[in-house]
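Take a look at the following structure, please.
Order of writing sets the labels: A, B, C and D. Residues in every chain begin at 1.
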Amino acid sequence: MLEALFYIFAAMIIGSAAVTAFTKNILYAAFALLFTFFGVAAIYVLLSADFLAISQIMIYIGGILVLIIFGVMLTTNVSIVDIKEGFTGKTSFIIAGIFSAITCIFFIYLAFKMPFINHAPKDVKLPNDSTIKPLGKLLMTNYLLAFEVASVVLLIAIIGAAMIARRHDD
Amino acid sequence: MQNFLGLGPLTWITFLPLLGMIIIFLIPSGKDEKGKETSKQLFRWVTIGFTFLQLIIAIGIYLNYTAGMTGINVEGGFQFREHYNWFTVTGLPMFGNVKVDYFVGIDGISAPMILLTAIVCFVASFASFSIKKQIKGYFAMYLLLDLGMMGVFISLDFFLFYVFWELMLLPMYFLIGIWGGPRKEYAAIKFFIYTLVGSVFMLLVIIGLYFGVHSFNMLDMMDPLKYDPTSIFAPGHGWWRNVAFFALFVGFAIKVPSVPFHTWLPDAHVEAPTPISVILAGVLLKMGTYGMLRINWPMFPDSVKYFQCFIAWVGTVSILYGALCALGQFKVGKRDFKKLIAYSSVSHMGYVVLGMSSMNSSGMSGAIFQMFNHGTITSMLFIIVGVIYDRAHTRGLDDFGGLANKMPIYTGIMAIAFFAAIGLPGMSGFVSEMMIFLGAFMAYPILTVISGLGIILGAAYMLWALQKVFFGKLPDRWSGPWDPTHKIYKTDDINAVELAALIPLAILIIGLGIYPAPMFNMMNATVNHLVEFVRIGGGF
Amino acid sequence: MTQENLLMIPEISVVILLLPLLGFLFNIFFGKRIGRLSSTIATGIMGICLALASYIAFTKFVYYPDNGMIQLKFDWFTLGPGNAVSVGIGVDNMTAMMLVVVTLISFLVHLFSTEYMRDDKRYSRFFAYLGIFTFSMLGIVIANNFLFMYIFWELVGLSSYLLIGFWYEKDSAANASKKAFITNRVGDLGFFAGIMILFFTYRTFFFDDIFAKILGDSLHGIAPILPFNSGFWLTVAGILIFCGAIGKSAQFPLHIWLPDAMEGPTPVSALIHAATMVAAGVYLTARVFPMFTAHALLFVAYTGAITAFLAATIAITQNDFKKVLAYSTVSQLGYMVMGIGVGAFTNGFFHLVTHAWFKACLFLASGSVIHAMHHAMHHLNDHHTDPQDIRNMGGLRKTMPLTYLTFLFATIAISGVPFTSGFLSKDGILAGTLAFAQLTGNWLIPIAGFGAAGMTAFYMFRLTIEAFHGVPKTKIATQTKENKFVIVFPLVLLAVMSFWFFYSANPIDASKGWFASRMKAPATSVPTAYQFRFLVPEERLKQEEEAQEKLEKANVDENTEKLKKRIHEELEIAYATGQENRDSVEKYKQEFLKNKEEAKARARHPLMAKKSMKDGSGEKEEFLTVFEEKIEEAHLPAMFISVLIAGLGILLSFTVYQFKAMNSDNLANQFGLLYRLSYNKWYIDEIYDASVIWFTLNFSKVLGLFDLKVIDGIVNLTAWVARLAGQATGIFDNVVVDGLVNLIANVTGTLGSIMRKFQTGRVQTYIGLTIVVVILLVYFLA
Amino acid sequence: MGIGLTHYLILSGILFAIGLFAVITRRNAIMVLMGLELILNSANINFIAFSRFGGINLDGQVAAIFVIVLAVTEAAIALAIILNIYQNYKHIRIDEINKLKE
């Protein structure tokens, strides 16, 4: 059952990601991205990472994707309806395709050949309770510094983004 | 003479130009909108001011000079001496500890040279008014040259001597190479390489001597007891000492210049600007003979005796060869006024070499006095050529004639200079030449009489030039208003600045010609000591 | 002579010396501003000098008639203890006489010039130059040492140069001045060499010290100082010093400058090139007379004789008024030198003085004529005729009577007609030559002397007749007028000075006059062995003989001890004076002994006359030598012959030029070769041009080329070789070393340009490449 | 066969390749940004997969949290930059913005 779910969600992720990558219509790409994020969230659930799945949906879909769509709206001349943006060129298309294919094959190769793969447990028992509590503990203990840094980074990023995006004509 | 600010008068007189140089560097060139240098007058007067200060110190040194102190190889015989450690380098491979002193002082040989340098530099700074381009750089170089020359004459440490010696070359090179005539690069490089060859010889001997006495102190090098008996220049190693003497002699002879090392001189003189010619002839040439007296003679008294006849021949050949070449100027190539005087310098410095070869007090005193006199007389001659060059922009003897009517004061001054160069009694040149001849006659009668032909030839070419320039008819191009395009030149008589340069020299020449005793009193003790030192061979 | 009763003679002589210098300085600096006044000042100064000189001469002749020198000596400068260069001034009878001669002639010439140079634009300059000339000439006269003499000798050369070249716009004048200076320098070189020999030996410049040292101890049987223990070097020194006189007194072969020097203004010719400066050589010869050896004297005598004869032959055919006088001057100078050379010292010097008057008179008269001719030419607007050519004159006797009369009288004097000063002095010289010939057998000297005397009479009268007698040959000559008083006055005065009675009451013999008694020949200092026996005073011969006998009689050992002591002293002196390189005592002694033998042998030299057996008879003539007696004997014959010859010359001159009994052109044709030789001055100038001058100039030219091409060529060749080597290494550097570097660079460049392709500037490309590289890294590293 | 680590890794590899392709080929800057999000997601899948199977437990998840944080900041700033670019160039065609080349 879980295997079927994995394959369904994997297909959904790859399909929608491919649409994102290949479609000329930028809005389609954005919507396809929505499905990709959903799929990834589902995969997180399958990996029993409940907190992250929820975060994925909330942050990616509720935050980033909205941001991206806003960006599309702000930067694309909607009124003349030319939101179809092409690729950089045929040559780069082919080269990038080859690159990507090689990368893909390489990762698959790694997935099979990496030494630690063999030491990994085939099936791990899923924890019963939520991961939120231990995660919170970890963040407040072992990863406190990283946590604080991340928060500072976020703050700076917000200020920076506001600064950069500000109109300069005043 | 009191020390001022803890530094002795010799240090002051030597390094004053450095102060002047710094001041000149600090003054902005101040070009106005037309590109004219606005502060050029300031540069000139700063230079004149500093050379004048130098002259005052030199006169002070002269007034406080104690006649009768010996010098040469006696440290107590030097006056105004300052002896500090300059730097010490320890633990060098082969050399061991190298100690270089700032050791300066003057005796009867260097005192007249100090005076001469101060006078010539002061006078030449007036002649520098004719320099029109890159004045800031020029005067900076000029003062640096001044420093180098003074330094050579006061140094008693061989290392210091060499440093000043080389320091002097560089500004000279630029002064000829930048402010010179049409073939300035050729002349400057020729001068530089020629003198550098001499310096190389000197350097080799310095190193050799250093290994002998393990000190750069010149006085130590004159003391046979200070030599390491195993070194090649130790007493007894006659052959090596002769080689060293010869190398040094050649090095200095290039500077003098003696035939056959003289060919840089005509080129350098012809191409150099007037004040530089003045300094070149007035002071630089003396360094060769000064070096011989200061270094060659007392350090290698045994070799001097060995080469005595050879040196006398060098002197004789230089006298006659220089005079004949000067005369030959009337027949060969461009009859250049400056070239004539350059060759006459070769001849006149030949007298000095001849006098020094005599090894007796008359000849030696005469030689030193001749060094001084040649400095003043030739300076005057070159300034005179410069005066006419500024007006006519030519130095060709064929371009002149009949100027006596147009420029009477100039003619009078020129006649003084020319007759002084000929060695007319009543002028200082006569006394020195006479003493040289009297001294040389005691050593080499026949050679002396042969070189006496030089005074006839000297009269011949000098009077010839005098006639060419001043007598006869005025060429057409010399009459009428200033018009360079039609080669008609103005012929206004000498002006105040030029007179300021010439009159002191003329007074000096005539004054010393009538009463030379002050000069001789200054150098007698030293010269007699040197003669005696060389006569006994200095213990080598 | 003590200092207090010298009657201020040294002081006043210094004042005389310096006054003209003062005038010179004043005129050279302020002359232009004060204009005509400068001549007044200069002339006034000369007047004062003349008065002072007269005082000195009077005092000296009256109060100190003996021929001692009153002198001042002082150190000029020192070269250390005991090694001073001393100079000084001195006045003896000869000096006193010369002072008067110089100042008087200078004064008259100044006076003459005030009018003669009136129109010259450099009027004050002329008087300045005259001032410096007088200063230098007086310096020569009162010098008591060789150094001062040489100094003023040269200064005289300078002033002569300035004055000859006074009209330097003319090339001929400029050339002549140069020629004069350089020719004089040639002689001066010899002079200086002689001084060097003397100074080298004696370490002093003073005449009296040198003469005393030459005489040395020969009286006491000790040889003189080296190197004069042989007569050779003494002879050489004498001849070298005489070289100075050859140059300055225009003796053969250096006489060539004097005729050219006539390019200067005529008063200059009178002052310098006739009366005073050229006489300086004679004065010098007289000064150093005591140190001339027999051979040197012979040299001097022959030089004088040749000069006198040669110049006289040339003067015969010259047409330029002043050239004739110039050659006559050369000839007369030859006379004086010859006179001193043969030992007739007094008469030689006497001739100097008398010649100064009448030759100055002749020159000033010629100046007067030329001045008048100039004015006439100016009047006629003629600017081409040569005013000095006697072929343009004639008949001036009528237009310029005073000039004519003075000129005529001076001509008579120079021709040696009795009752003139010229006769007295010339006769004395000729008598001297006769006596000399009798004693030594050199008969050529009197022959030349008498020949020259005859020729002198001939050409001087030729000149007088051509210029003053007959009818005017050109219109200019008719227009001439007598000059103003200031020009004529000196002529008259000088002509009057040429009467005999100024010098001697006896019109035919001056040897008893005051002049001769004051100007006694100084006793020779030369050791007897090297001197004509007849010139050595009896007294000294006697003393020497006694000394010789004593020496021989004395104990040999004692003698040796004495000798050794003496030798030690000598050596000590030698050391003290720096002659440290002298020979050892032993060698010195041996040489001394050897020389004594040689001296004995030399005493039998054929030149030496046999010793006179006559005892000293006269009470005042203590030093009357054989020679002086011989002169007295030869006096009458000489007088007759000279009068006869002069008369013949005058007669011939009148025959040819006055009465035209013989055609001068025909004569010239008949003696074609001789005429051409004479007219062209024996081609001496040409010979010089073709030999010495040609050689010197071409040698200098060759040497100049040698310097330019060979020596400088070698230097440049070295530079060229160095540059070639530099180029070679440069090529190596460029091709090989640089090649390698460039190769690397090229490879890099190529790679770079390939890599450049990847640098698209697009972020995406970079990302792609980064990924590829990361993958590769992971693949290969992990 | 059960779903193991290898599957997840293959999934993330494919997702990464697609994201990379998008990043490299797309002209529109926002599309590039989307590609980046895909890549980050593939990375997160890896982290969590390792957290589940790799024996690193919750540390992987913590890392994923930080990645998400970074993604957020990146998206915010990148969009701000893109807006800025748009203001300057009036377009966001990234291949034409090749100032780096010069």
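Going forward, a contact is a pair of C-beta atoms (placed from the backbone, for glycine too) under 8 Å apart; a residue touches a chain by one contact, two chains touch by 3 or more.
Bear in mind that the values here come from a model prediction, so they are computed numbers and not experimental data.
Asker: Using the touch rule from the top, work out which pair, A-D or A-C, shares more C-beta pairs.
Answerer: More C-beta contacts join the chains of A-D.
Asker: Just curious, how far off is chain B from chain A if you go by their C-alpha centres, in Å?
Answerer: Distance between chain centres: 91 Å.
Asker: Need the CA-centroid distance for the pair chain A / chain D, whole Å please.
Answerer: About 6 Å separates the centre of chain A from that of chain D.
Asker: State, to the nearest whole Å, the distance from the C-alpha centre of chain A to the C-alpha centre of chain C.
Answerer: Using C-alpha averages as centres, the distance is 124 Å.
Asker: Please compute the C-alpha centroid of chain B, do the same for chain C, then give the distance between them in whole Å.
Answerer: The mean C-alpha positions of chain B and chain C differ by 35 Å.
Asker: Among the residues of chain D, which are close enough to touch at least two other chains?
Answerer: As it turns out, chain D has residues touching two or more other chains at 20, 24-26, 94-95.
Asker: Using the touch rule from the top of the page, what residues of chain A touch 2 or more other chains?
Answerer: Counting only residues that touch two or more other chains, chain A contributes 88, 92, 95-96, 99, 103, 106, 110.
Asker: In chain C, what residues contact two or more other chains?
Answerer: 762, 764-765, 768, 771
Asker: Can you list every touching chain pair?
Answerer: The set of touching chain pairs is A-C, A-D, B-C, C-D.
Asker: Within the complex, which stretch of chain C touches chain A?
Answerer: Residues in contact with chain A: 762, 764-765, 768, 771-772, 775, 778-779.
Asker: Give every residue of chain D touching chain A within the complex, in rising order.
Answerer: 1-22, 24-31, 33-35, 37-38, 41, 44-45, 48-49, 51-55, 58-59, 61-62, 64-66, 68-77, 79-84, 86-87, 92-95
Asker: Which residues of chain C touch chain B in the complex?
Answerer: 28, 76-80, 83, 85, 147, 150-152, 154-155, 158, 161, 165, 168-169, 171, 173-175, 177-178, 181-182, 185-186, 189, 192-193, 196-197, 199-200, 578, 580, 696-705, 707-708, 711-712, 715, 719
Asker: So in the complex, which bits of chain B are touching chain C?
Answerer: Against chain C, chain B makes touches at 190, 193-194, 259-260, 262-264, 321, 324-325, 327-333, 360-362, 365, 402, 404-405, 412, 419, 424-426, 430-431, 434-435, 437-438, 441-442, 445, 448-449, 452-453, 455-457, 459-460, 463-464, 467, 470-473, 515-517, 520-521, 524-525, 527-528, 535.
Asker: Mind listing the chain C positions that touch chain D in their complex?
Answerer: 759-768, 771
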